[in-house]
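Right after this note come the structures.
You will see two complexes here that share chain A, one where it goes with chain B and one where it goes with chain C.
So, the complex of A and B:
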């Protein structure tokens, strides 16, 4: 094992060296770094050209200059840009802002992709399956810069226009969404025609009434979940998660989850109108999240009886979702304050940047501001990577579901839930773990276009500005990080595979 | 049993929490304020735009808005004086002596008056006269941070100022007297008016460099250091001046004195890579009082992203690079005013007088014939008019359209006769010269789509007259400029940074640094010599008109167009009126007015 890792790492170093050498020369030879100065007629042009030649060591030919650069890298120094800014400092800033952008998108895309992939596999060849297949291939083939411009036009500019004067959903849209929701659920939930019709009616009715109520209470101007919404989410999570993780027959788990949800509801008013005002730093919110999971675990432990593990798990998830719903509601409470402030002027969804300049306000207002800025780029990134995850997880689960041991499990008389969650799902995750590892390695470098279109100055800007100015140093910093991550996560993927699947040994 | 007990505890806790919180009332959580937001394509990164490090328009814009100046360009462009900031007078022409006086009530935003110490520092920094000779700062620069290392000698003075721009000719330490300074030039320097202004606050530089707390004391220390050429004190001063003002986010509390300015606005917020916010400076006493309380400049690289941000109300003024996509996108917006204009960059085609590839243009008749075939009007109609409907052919090698003297030179130099192509005329000239099918190798930027199109138009037109055009376009064109034997003609852009008359000298003088086509005309050289010592503005224009005529008579080449610029602004602001020279849209920021929609 250790020998394998070391061998791989040594090989990787040589790959990276060769790749950086090639990249450095390609960048250095891609144009003329003095072009802007040559066209200038500034009186001290000669001095400017001379100082740049000195600064970037342009008197040394690129293949040799590479080794000067490499020498610096070994001392932890990535050099200077054309504007004499330290690449190390730039890289630090850029990496931070890129991670902020891609982390949420990656997590959401993975969760959403897996969920949708698994449900489509379980309902293979249903209308739902075909629709998802069609949509995911559609998104997969769209260029991201185009998606980004469309998102800006419709989700930002169009939606802001909608919000500006008395936002009411038009009737045709309500009808369309109602039918879509009905079809979706009827297609997911199995059964004979009669049952499908009932499912359709229930889903359509629920959607229609919810949308009508949203219109009536002017929800788009004053969004919120209120205690009713939190109750529905909390109790729904309690019941749903119990059904999924332990089965509803496990009464202890159900009661523990319901107690957690009830505790959350009891704390709703004290939190919204009291405690939340004293939360002024993000770490406090994180601490609260951890605390709520901790309390839920404790409740699960107390109520768990003989088999505490699954009960604690159910309780913890329920606690997390309930607390999340309360926090979400708290963010929604400042929405109107936020949207009507002088900085936003009724157009909350942003098309560029990571925050509204000069916006001052509580943590909750800042949170909404982050949300309005992250929304579009995250959507764009998700739409593109969503397709891969659904396809892989669907294929993987289908393959597992046709294995002999699944048939054995069914033959033993296990419930379908147990067969899918315990026996199939876990094994289906093994190949997906490797794909996720690859993706995380690639995503830092993959957001170049997204960043530029949405005005985020991250790794993409570092790369692109460097290339525009024929400045190898920032480009190489980008390349080192991205290439290094790719190699590292390849290795991790191999190791994870070996760890998850006992049939595979690394040697 | 256990369950119910636990539930009881839970209920008790919850109930007591409810009671405890009932008295807390909701409070407002947004602090209001209004502003104008401008999009710029590059982040600000240094407040000292005079150093080679900070020399970028993104920095110069902010410095302009936060600094008073003796003079500045309007959108004409014409040089305007701001006497509310200070005055200057020419004391004597031989030796050239200029006296600058700062107005009485001009002060820094921390209340310290602007006076002789600040002027003296500006001279010391931008003349480089006090710099230790033969010192190479590169040896002591940490390549990682760009800052100076610990081995940096303590008695070495190195100001990385705008050295070479003209102030280096004032080698004698100038006299200061209260709020004025007298500069004595060793040699005559005609563009003296453009090279001097107050830069960084002297008291802050000295406070930071020498560890002095009191502002007046710091100024005295700085004046003494400069007057006595005290290398030990000047070394840290120069170091502070070079690097302390390079910041990429709002400086920490203890470095707040970096934000001391003397202009209409002051920096109040700066988020790394996102935006910088300027607010009206309450201590500003000059005439350029701003109407808008707060200007935020957001950094948006992508031109179309800037247009959509304008459409979404996130920014109010944009000035993106003019492309057909941007023009289309802007045309589709409601409630937005779009101004087409011109940049300070102009396209021109030059013919090689010597060291050319084929020697085609050694004969003036062939030069004239070739220039007759350049389809200038067609280039403008097809490539520029879609972006700037008012675009016209530029008819002068020296004057920017709209600048004083431009109309005179157009009437005089005869370039407008070359606006439309004259194939027959060209053929006749070629016949007269006795040349058939002359080869012309044209160098241009082949990675620039507009220039590829220009080349195609020129090629088609010149071929009609019998020229054999070789495509010598290259992405490496910049490096090939001035290479002997590489090409016969070239077209590219020159960028004008000021209206200074010395700007044309390096381009047209025999052996000048920008003389890339080996042009040499003794008459032009003589006139340039005279221009370099002529102070009278009318005479300056006369000389330049004469040079422009001589260049045309030699069939030096043709200017084609000013690069198109586009500015768009929302209905929240009026009085935006950009000019071609830096700081383009910002030149009259203090005249911008908020509308009722603001």
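So, the complex of A and C:
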């Protein structure tokens, strides 16, 4: 194993060196870095050209200049741009901005894609399966820049117009959503026709009543979950997760999850109108999230009895969801302040940039600001990668479900839930894990177009500005990060696969 | 792919089941079987017809106009405007296409002078979009050809010879694969985009073969251990003959399926590059470039934006569906067995149903025994009898190659 890792690492270093060499020369030879100066009418043109040649060492031919650059990299210096700014500083800023953009999109796309892929695999060849298949093919074929413009027009501008005066959902939209929700649930939940009809009615009724209530309480102007919403989410999570992970027959797990949800509810008012005001830094929020999961784990441990593991898992997930709902509610509370503030002027969904300049307010207001700016690019990114994850997880689960040991598990008389969750799902995750590792390696470089459309100054801008000016240094800084991450995660993917699947041996 | 010809297991219901499956393919060559399966995939057939229609429309409407390395090819089209002509704008450039017939209170079905509208200086968008579609299709085909050739050869050589040849070629592949496509496309497009769509396509093709090479290598690695390759070697066949006549025809499914996926990716890559300004350059045009130029005009002239986008999606979607159909057609594991319910219904009573479940194990063993690259056995299942459906696994799973 160690020998394998070392050999792969050494090979990776050489691959990266070769790739950077290739890339450097391609960038350096892609155009004339002095073009803008040659065309200018400045009186000191010759002098400017002279100084730029000196700055970028243009007197050295590109293959040799690469080694000058490489020498700098080994000393931690990525060089200067044409404008004489430090690439290190630019890279740091760009990387932060891009990570902020792609992290949430990737996480959401993975969770959504996995969920949808698994449900389609379990309902193979159903109407739901065919619909999702068609939709994922469609998403595969969408050019992201085209989607982005549509999102700007219909989601941002349309939604902002909707919010402008007395937002009320029109009746036809409520009817449409109601029918869609009913059909969706009826096609996912198995059963005979009678049960399907009941499912349809329940889902449609719940959706319709929720939307009508939202209209009645003017939800779109003053969004919030209130303690009722948090209670529904917390108790729903407790029951749902118990049913999913251990089955409702495991009373210990159910009670532990309900205790966690109850604790969350008990802390709702103290948090919303007390504790939350003293949270002024992001790390405090993260610490609170960790603390709530920790407390949930402890509750699970104490109530777990002989079989602590699954109970702790159920409790921890319930705690996470309940705490998340409370935090979400807190963010929603400042929505009205945010939307009507002087910098926003009632049009909250942003179409460009990564934050509102000069926006003042608490951490919660800043959070809402980040959310409104992330919404569109995240949607665009999710649309694209959602399709891949859906197809992969569907194929993976189908492959596992057709194996002999699944039939054995069923033959033993295990419940279908146990067969799917315990036996099939875990093994289906193995190939997904490697794909996720690949994708994480690729996300930093994958958002070039999205960043450009939504005006984020991240890695994509670093790359593009550098390339437009035939300036290898920023382009190479971009590539060093992107290529390095790709190679690193490639290695990690192989190791994860070997670690998870004993059938694969690395040597 | 050769387990299409696997012997039919005998015994009980397995026999009945395989008889139904085999009756359809009796006396047919593999090509015929594949073709027949492909034409049964409705989505793929519809896509193929749509794509053919788009191709004919695009190339006949405004005529060819390409210059390859100095050789000019130019033919007239049947459409009244060319994509460079600038007629005067009518009615604010609004599209004259109308599909709502008069009896539905519409303006009647008509195309008018400018069915897709005009841009701000008056160019006919139908002609411009057709020109862009031509470019996209040309790029797609050339990229497909070049990338497939390079990928197949490198993958086959590396998988067949193994050893240091394999190491060198695969490390070379790693180097290329490390550079994101959009990045290398942008860098090269900046340098070569001015030379026209052909050169751009060749350049893109030179860098998009990596995934295919890995897949072909994996396929060849497993195929070269098979008996028919030993037989060919004993008969005195040269390496070249073994690779091209014996091994590659057996890997044709993987190659064709991935070529289609690659072509769909190429079309999106080209439009993305043109959108960023590194692809096809003015005065020529492409679908991505039209969108890029007009994205700010969405509020005032949305047709400048809708039509090129619709054509990009239509082409990519068609290619993806055709690829899906081909995958189903080439993968012997994907054959749709008659369902257990149908079989059980044919027999009578619950006892026979149980017999189906028990004896069907044999079929499962047979089907999954030597599936290329597959892990474990793909059995027959009482609750869900259909074999694994079309997924992206076999063709796109990056782990299948190593």
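Throughout what follows, the second predicted complex is superposed on the first by the 507 of 507 C-alpha atoms of A that agree within 3 Å, B and C clash if a C-alpha of one lies under 4 Å from a C-alpha of the other, contacts with A are read in each partner's own complex, and residues count from 1 in each chain.
In this text, a residue touches a chain if its C-beta (ideal position, glycine included) is under 8 Å from a C-beta of that chain, and two chains touch if they have at least 3 such contacts.
Predicted, not measured: the structure shown is a model, and the values here were computed from it.
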Query = Comparing chain C with chain B, which touches more residues belonging to chain A?
reply = B
Key: Contacts of A:19 with chain B and chain C, given as first, second, both or neither   = second
Ask   = Touching A:132 in the superposition: chain B (first), chain C (second), both, neither?
value = neither
Message = In the overlaid three-chain picture, which partner chain does A:452 touch, first (chain B) or second (chain C), both, or neither?
response = both
Ask   = After superposition on the shared chain, which partner residues are touched by A:109: those of chain B (first), chain C (second), both, or neither?
value = neither
Task = Using the touch definition from the top, say if A:407 reaches chain B (first), chain C (second), both or neither.
result = second
Query = Is A:54 touching the first partner chain B, the second partner chain C, both, or neither of them?
reply = first
Query = In the superposed arrangement, which partner chain does A:80 touch: chain B (first), chain C (second), both, or neither?
reply = first
Ask   = Counting only touches as set out at the top, which of chain B and chain C does A:149 meet: first, second, both, neither?
value = both
Inquiry  = If we overlay the two complexes on their shared chain A, which of chain B and chain C does A:254 touch? Say first, second, both or neither.
reply    = neither
Task = Enumerate the residues of chain A that count as touching chain B in its complex and touching chain C in the other.
result = 31, 149, 152-153, 452, 464
Remark   = Interface with chain A, chain B side, in the complex: residues 2-3, 6-7, 10-11, 13-15, 17-18, 20-22, 24-35, 37, 43, 45, 52-53, 55-56, 138, 143-146, 162-166, 191, 248, 269, 271-275, 277, 294, 296, 298-302, 304-306, 308-309, 311-314, 345, 447, 475-479, 481, 492-497, 500, 502-504, 506-507, 513-514
Inquiry  = Give the list of chain A residues in touch with chain B in this complex.
reply    = 31-32, 34-35, 38-48, 51, 54-55, 72, 76-80, 83-86, 88-89, 93, 97, 149, 152-153, 156-157, 160, 255, 259, 262-263, 266-267, 269-271, 273-275, 277, 299, 302-303, 334, 337-338, 341-343, 345, 347, 349-355, 357-362, 364-365, 452-455, 457, 461, 464-465
Footprint of chain C on chain A - complex, ascending = 11, 14-16, 18-19, 22-23, 26-27, 29-31, 124-125, 137-138, 140-146, 149, 152-153, 388, 391-392, 394-396, 398-399, 401-404, 406-407, 410, 431, 434-435, 438, 442, 445-446, 448-449, 452, 463-464, 467, 475, 478-479, 482-483, 486-487, 494, 497, 503
Ask   = Across the complex, what residues on chain C touch chain A?
value = 171, 174-180, 182-184, 186-188, 190-191, 264, 268, 271-272, 275-276, 278, 288, 291-292, 295, 298-299, 305, 309, 312-313, 316-317, 320-321, 324, 364, 374-379, 381-384, 386-389, 391-393, 396-399, 402
